[in-house]
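Note that chain A is present in both complexes that follow, paired respectively with chain B and with chain C.
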Partner chain A sequence: MQKGALWFLSGFGLALLIGWYAFPQLLYRSVDQPVQFSHAVHAGEAVGMTCDGCHAVSDDGRFAGIPTLEQCAGCHVDVLGASEAEKYFVEEYVRQEREVPWHVYARQPDNAHFSHADHVKVGEIACERCHGPHGTSETLRPFEENRITGYSRDIWGVNISGVKSNPWEGMKMDDCVACHKENNRRSACLACHK
Partner chain B sequence: MDQTTVKKSRYGMAIDLDRCTGCGACLIACAVENNVSPGQPKVNERNGTTWMRVFEVQDGRPFPDAQTAFIPMMCQQCEVETPCVSVCPQNAVEVDPETGIVGQIPQRCLGCRYCMTACPYHARYYNWWDPKWPDGMEKALNPDVAPRMRGVVEKCNFCHGRLHEARARAAAQGSRQINPSDYIPACVEACPVQAIAFGDLNDESTDVALLARSERAFRFLARLGTETKVYYLSGRDWVRRLADRELARSKKETLHG
Partner chain C sequence: MPLTLTRRNVLKFVGGSIAGMMVTPLPWKLLDDVAIWTQNGPWIPKVPRGPITTAFSTCALCSAGCGIQARCVNTIPYALSGIRNHPANNGTLCPSGVAGHHLAYHPLRLKSPVQLFRREETIEVQPVSSEEILGKISAAVAISRNAGEGTLALLDQRPGRSVSLFYRNQLAMHGRGVYLVSPTDPILITQCLDEMVGTSFGPVGYNLERVRTVLSFSAPVLDGWGTPVQTSKMLAHRGSSGQKGARVIQIDSRYSRSAQLADQWIPIKPNTEAALAFGLAHVLLREGLYDKALIQSRALDFQTKGKHSYFDLVGRFTPDHTAECTGVSRDVIVATARALAAQGPSLVIGDGDSGGGPLGREAEMAVWGINILLGALGSNGAIVHHRAVPAPKEFSANGLSPVQGVSDIPDHSIGVLLIDASEQGDPLPWSLLERKLIPDQSLVVAFSPTLTGLAQHTHYIIPTPAHLEALTDVPTMLSSATGTFSVSSPLLRRPEGTMDAREIMGKIFEVEGTLEELLKQRTSAIFESRRGRVFKASTGSSVQLTELGSSDELWAELTAGGMWMDDPVRSKPLPEFHFMGRSPAAYERMLDAGEGISSSNEPDAPRKITVLPYGRRAEVGGAQLSPLMTKLYQESGLHRSSKVAVLNPATAKEFNVANGGRGTLVTERGTQEVTIRVDGAVMPGVAEIAVSPEPVGQAGTEIVQEQDILELIVPDQAPTWRAFRATLQKA
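Right after this comes the complex of A and B.
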């Protein structure tokens, strides 16, 4: 009887290990960003840029997302600093006028509509609320892509069980709805779907 | 920001049948705006996708006196007892309480087509095929509207993508209230004779509210009591009488309507 319990428990433990550890490892494919970029340097004291210096909302309400090469090249026509990453960026992208194929951590599915203007300008929500404090990060972490859906791991959130340790973890519909409910915002499907 | 300041809208349309020439510009504008793909090789009148459709009707009199009218027909945005909402087993359809627009969420739809049967206006379409665009044309897709996949139902939603855009535009100026001129559906914009008026029926001053109250205004199948928000206008009695009939599906039936 005790032996049976032992078998059961070890099998149960193995199943849990596979489900909670091995599967998530397999589920996501990790890709490095094409160029290393330090938000800390750009938003730090030396340069002193704000979030909307690069990630701007235009007058017509469109959000620029990740800046284009043109914006970067506004400063980086030549190598300005001593970092290898910058040298690589200038030589491989700026001089050759190639857009950087960034992997977007927060890319949402096609049918989701999200207006930065609505949330940032009218709702007065800080960028960090959803994107985390990456303005102080030194490097770009690897982009983790769900092998099945192709979506970024940031959409589901780091924790596979969906438990959040920080408010910005997870950008799936439930996360949007939770905040909308809390603040008594639009709840119709078409408010956020297109 | 005060939340109570956002006013509830009831978006509606008024289509003047005495002005409509049946040119079909609205159909094209609609398909382009809403990423409706061109028909597949096997497509026919019954299984194609056209969020909007122009029916041709004639009064049946002989030649010199014969009269023709064209009736653009899309989702009539039923306000109460909305037939598609009440039959949907998936909660994939709902009437947005803030805009009155009947929304269809393709990702929730399981493709049972019960709503198509329930719809008195044949305004819903089923995707029998995955959408396909001729080479290069997919680059011209509208980013504000998600393309639908095979196996789901879709329909007119008063170009809701444009409402999103109008809201974003207003938000960029720090306002929750959209500028009405920013939100005009594609068909309304494309109509060369301005036969279609669009706006908030709750706002007494809009053209559409004014037209909806006019003597020439009528609604299709008003007896069903679904309180549609698409009004039609005509001064011709034989056209007005059509409102109480079911628009026949084939041209043959319609011709002798």
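Right after this comes the complex of A and C.
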């Protein structure tokens, strides 16, 4: 091999290393959720709640999203179990009447309007289709925040290359449009951008 | 094998790095993220996070009075939709209405009073106090009371509101005040009928449920002319004559959206609508297809001895002569007249389109004439009477200044011109207004939320609350069969420094009171009338007004997306009337209108082209259309830019311009650069140009002036600008 090719290849290799490994490390910062929460406990047999017990679509079509402190305090006015996370939650938030500043994995820009009622109730799309099967998770994974945009890594997808291995990976406009095309639905601009 | 650091090797390393980088996500993901960052930067206004609520109001962008349901975050609306079952829009909203909540963030939004200094292509704005402007206006108003001085005129860009009554009241008490409206305003169309009967015939509207045939003279009847409910009914039932709905025949110089959607399109030479109306009347008279007893007993100028009569006038417009004037074949003229008579009840609608300007007084009277011949004004006709919306008694007690079109007043007569552009309505070429001002001595002040439209031509602007920041009422639409009243209640907090038009006029005329008090007084007057029904947005249903317990309860419903609708009344019989109006030179004026004689109708000159401006109501005002919609329209081609001239292929060849090429339109008023588009549906010899707001530029206090095609119009005595001549040069 010529010496010149070595220089070229080392530049090429370094760029690959930076682009595929260092760049994602730098681009995202990992932030823990303010309180740990077990979906498995709440949706399991012991408590027996369903997804829409907390993430409900009201009769007028509004989606409640992440439950408010008031909803959580309905049960957790006092510590019910033995977990440190629950104790912390009750002491720091419920008793002090402070809303939990959750980091929302699926948060979209303000200029994107998404109707859960249309998709879940009318379109009969399962929650897992977009949010993944986290109903059985024991803990909340860290929120990976894009340092430039401020959005969650979930919006782009776990794989930095944009290649998706599961249908719930990615929540960008391209993903919405692809799903609409797949299901033969219209994709008018003003349907989402009000 | 040592690796020597040479310039060549460094370049190879950099080359390898660049090549390697291209096959990583880094550049592409960075590009995407930076693009997103620019959308969310700190300079972009953001809706604060908070509870999501629903609020109701009424859209005041036009007089359709559509009910709006607003999704709000932290009380700030972020998405608008229509209210289900609302009598005006039944859950739908037009594109302008859907984006109405953007208008408060318009790039040319004004939040403090300004003085304007016009340069060649830009306007410089300097802040000034409202006290200073009001002081200047008050001084000028005081001078205008003296005979021999210029008059005080107020141009109301949205007549029919309660504040309009306040204006007319104050102007009447001033003594030399003139209340002006744009020549395109529908109020002037009914004034033509008043001129024919010699007295106020009362408000009239259209009962489209009764109609089997609609003949439209360029009115966009299937595209934003009536309320969305009326339009959707007409669209749903078109082509089903005699069964459910009306057959629509569109007379239009353009292959407009209404022409495309109508059952029949009759292309016509620009500005020859009056001739066609006379030609149709000719066939109706010649074939006896009219109510002879009615005409002989009521028409005072039908056939008169020793004087020119309507019969003489219409007699000149034989099908052959009309075909020559209008370009419509004689067979089509005869067949259309016969269809109107045979497939009745028929309705003929004038009105023109908002951007293209009015048909003109004589053409409107010619249209009323056909309606009278067809019996459309009778008790079974489609043109129905309704009562005026009740108003506080003090207005009628103090008198109201008459409504006048801009062209009705003498040139160089206005000393102080106040323009209420707080609710921008139909466009008006500045040149038509400018000629009414005393040169170099007049004071022109606009009340406007934005530096758009006519406000760009004034000396001062006092900013008013923007759409959905202001409390205002919505007047009855011309197409409505009964009187209606609704209130657009604010969904956004208005900025400090803005004043509503009632406050401004109250300070000028030193009259206490607020707009809210005025609207509440009107609501009380409606409640005391004990008539009509009220649509309640909260339930999506209507109840009798008498079921409401108090005026306050009615006010609460009206400010929450409700609408009051008067009871229908039996139409009055048509009194004695003149087909040609009562002016001494009526015959000559009507004849001139029919034959197309006016100063704008000069003989064909080389390199000159007939420009046809056009534009739909609520899409033509700079402060009516969200900048987002302007961008979407123009990028999607749904609505043309006013920088695009569309020509027939033969015309393009004649003028040596190509599709996509550039051209320059020149009149005595100025020049405008246009991009040429070629379309076989355009009539030869004309250039169709949209009247629509353009994206605007701003650099510090300098603002690039809106260049609208209407700026090129050279004023003449005709109060219309449906077609004008301009030189087209290849750029």
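Just so it is clear, the second predicted complex is superposed on the first by the 193 of 194 C-alpha atoms of A that agree within 3 Å, B and C clash if a C-alpha of one lies under 4 Å from a C-alpha of the other, contacts with A are read in each partner's own complex, and residues count from 1 in each chain.
Everything below uses one rule, namely that a residue touches a chain if its C-beta (ideal position, glycine included) is under 8 Å from a C-beta of that chain, and two chains touch if they have at least 3 such contacts.
What you see is a predicted model, and the numbers here were worked out from it, not measured in a lab.
Applying the stated clash criterion after superposition on chain A shows that chain B and chain C collide.
Of the two partner chains placed around the shared chain by superposition, chain B and chain C are both touched by A:189.
Within the superposed three-chain model, A:121 lies in touch with chain B and out of touch with chain C [touch as defined at top]. Contacts of A:149 after superposition: chain C is touched, whereas chain B is not reached. For chain A, the partner with contacts to more residues, out of chain B and chain C, is C. In the superposition on chain A, contact of A:36 is made with neither chain B nor chain C. Once the two complexes are overlaid on the shared chain, A:10 sits against chain C while remaining clear of chain B. Looking at the shared chain after the overlay, A:113 reaches both chain B and chain C.
By the touch criterion defined above, A:62 reaches both chain B and chain C. One listed stretch of chain C collides with chain B once both complexes sit on chain A; from 616-624, 652-660 or 670-678, that stretch is 616-624. When the two complexes are laid over each other on chain A, chain A has residues 60, 62, 110-111, 113, 189-190, 194 in contact with both chain B and chain C.
Residue ranges of chain B in contact with chain A, taken from their complex: 1, 3, 94, 96-99, 101, 103, 105-108, 144-147, 157, 160-161, 164-165, 167-176. Every residue of chain A that touches chain C in the complex is listed here, in rising order: 3-4, 6-16, 18-20, 23-24, 27, 60, 62, 109-111, 113, 146, 148-151, 156, 160-162, 189-190, 194. On the side of chain C, the complex with chain A involves touching residues 1, 3-4, 8-10, 12-21, 23-26, 29-30, 33-34, 36-37, 39-40, 46-47, 52, 54, 78-80, 95, 98, 632. Interface residues of chain A facing chain B in the complex, by the touch rule stated above, are 57-62, 110-111, 113, 115, 117-118, 121-124, 184, 186, 188-191, 193-194.
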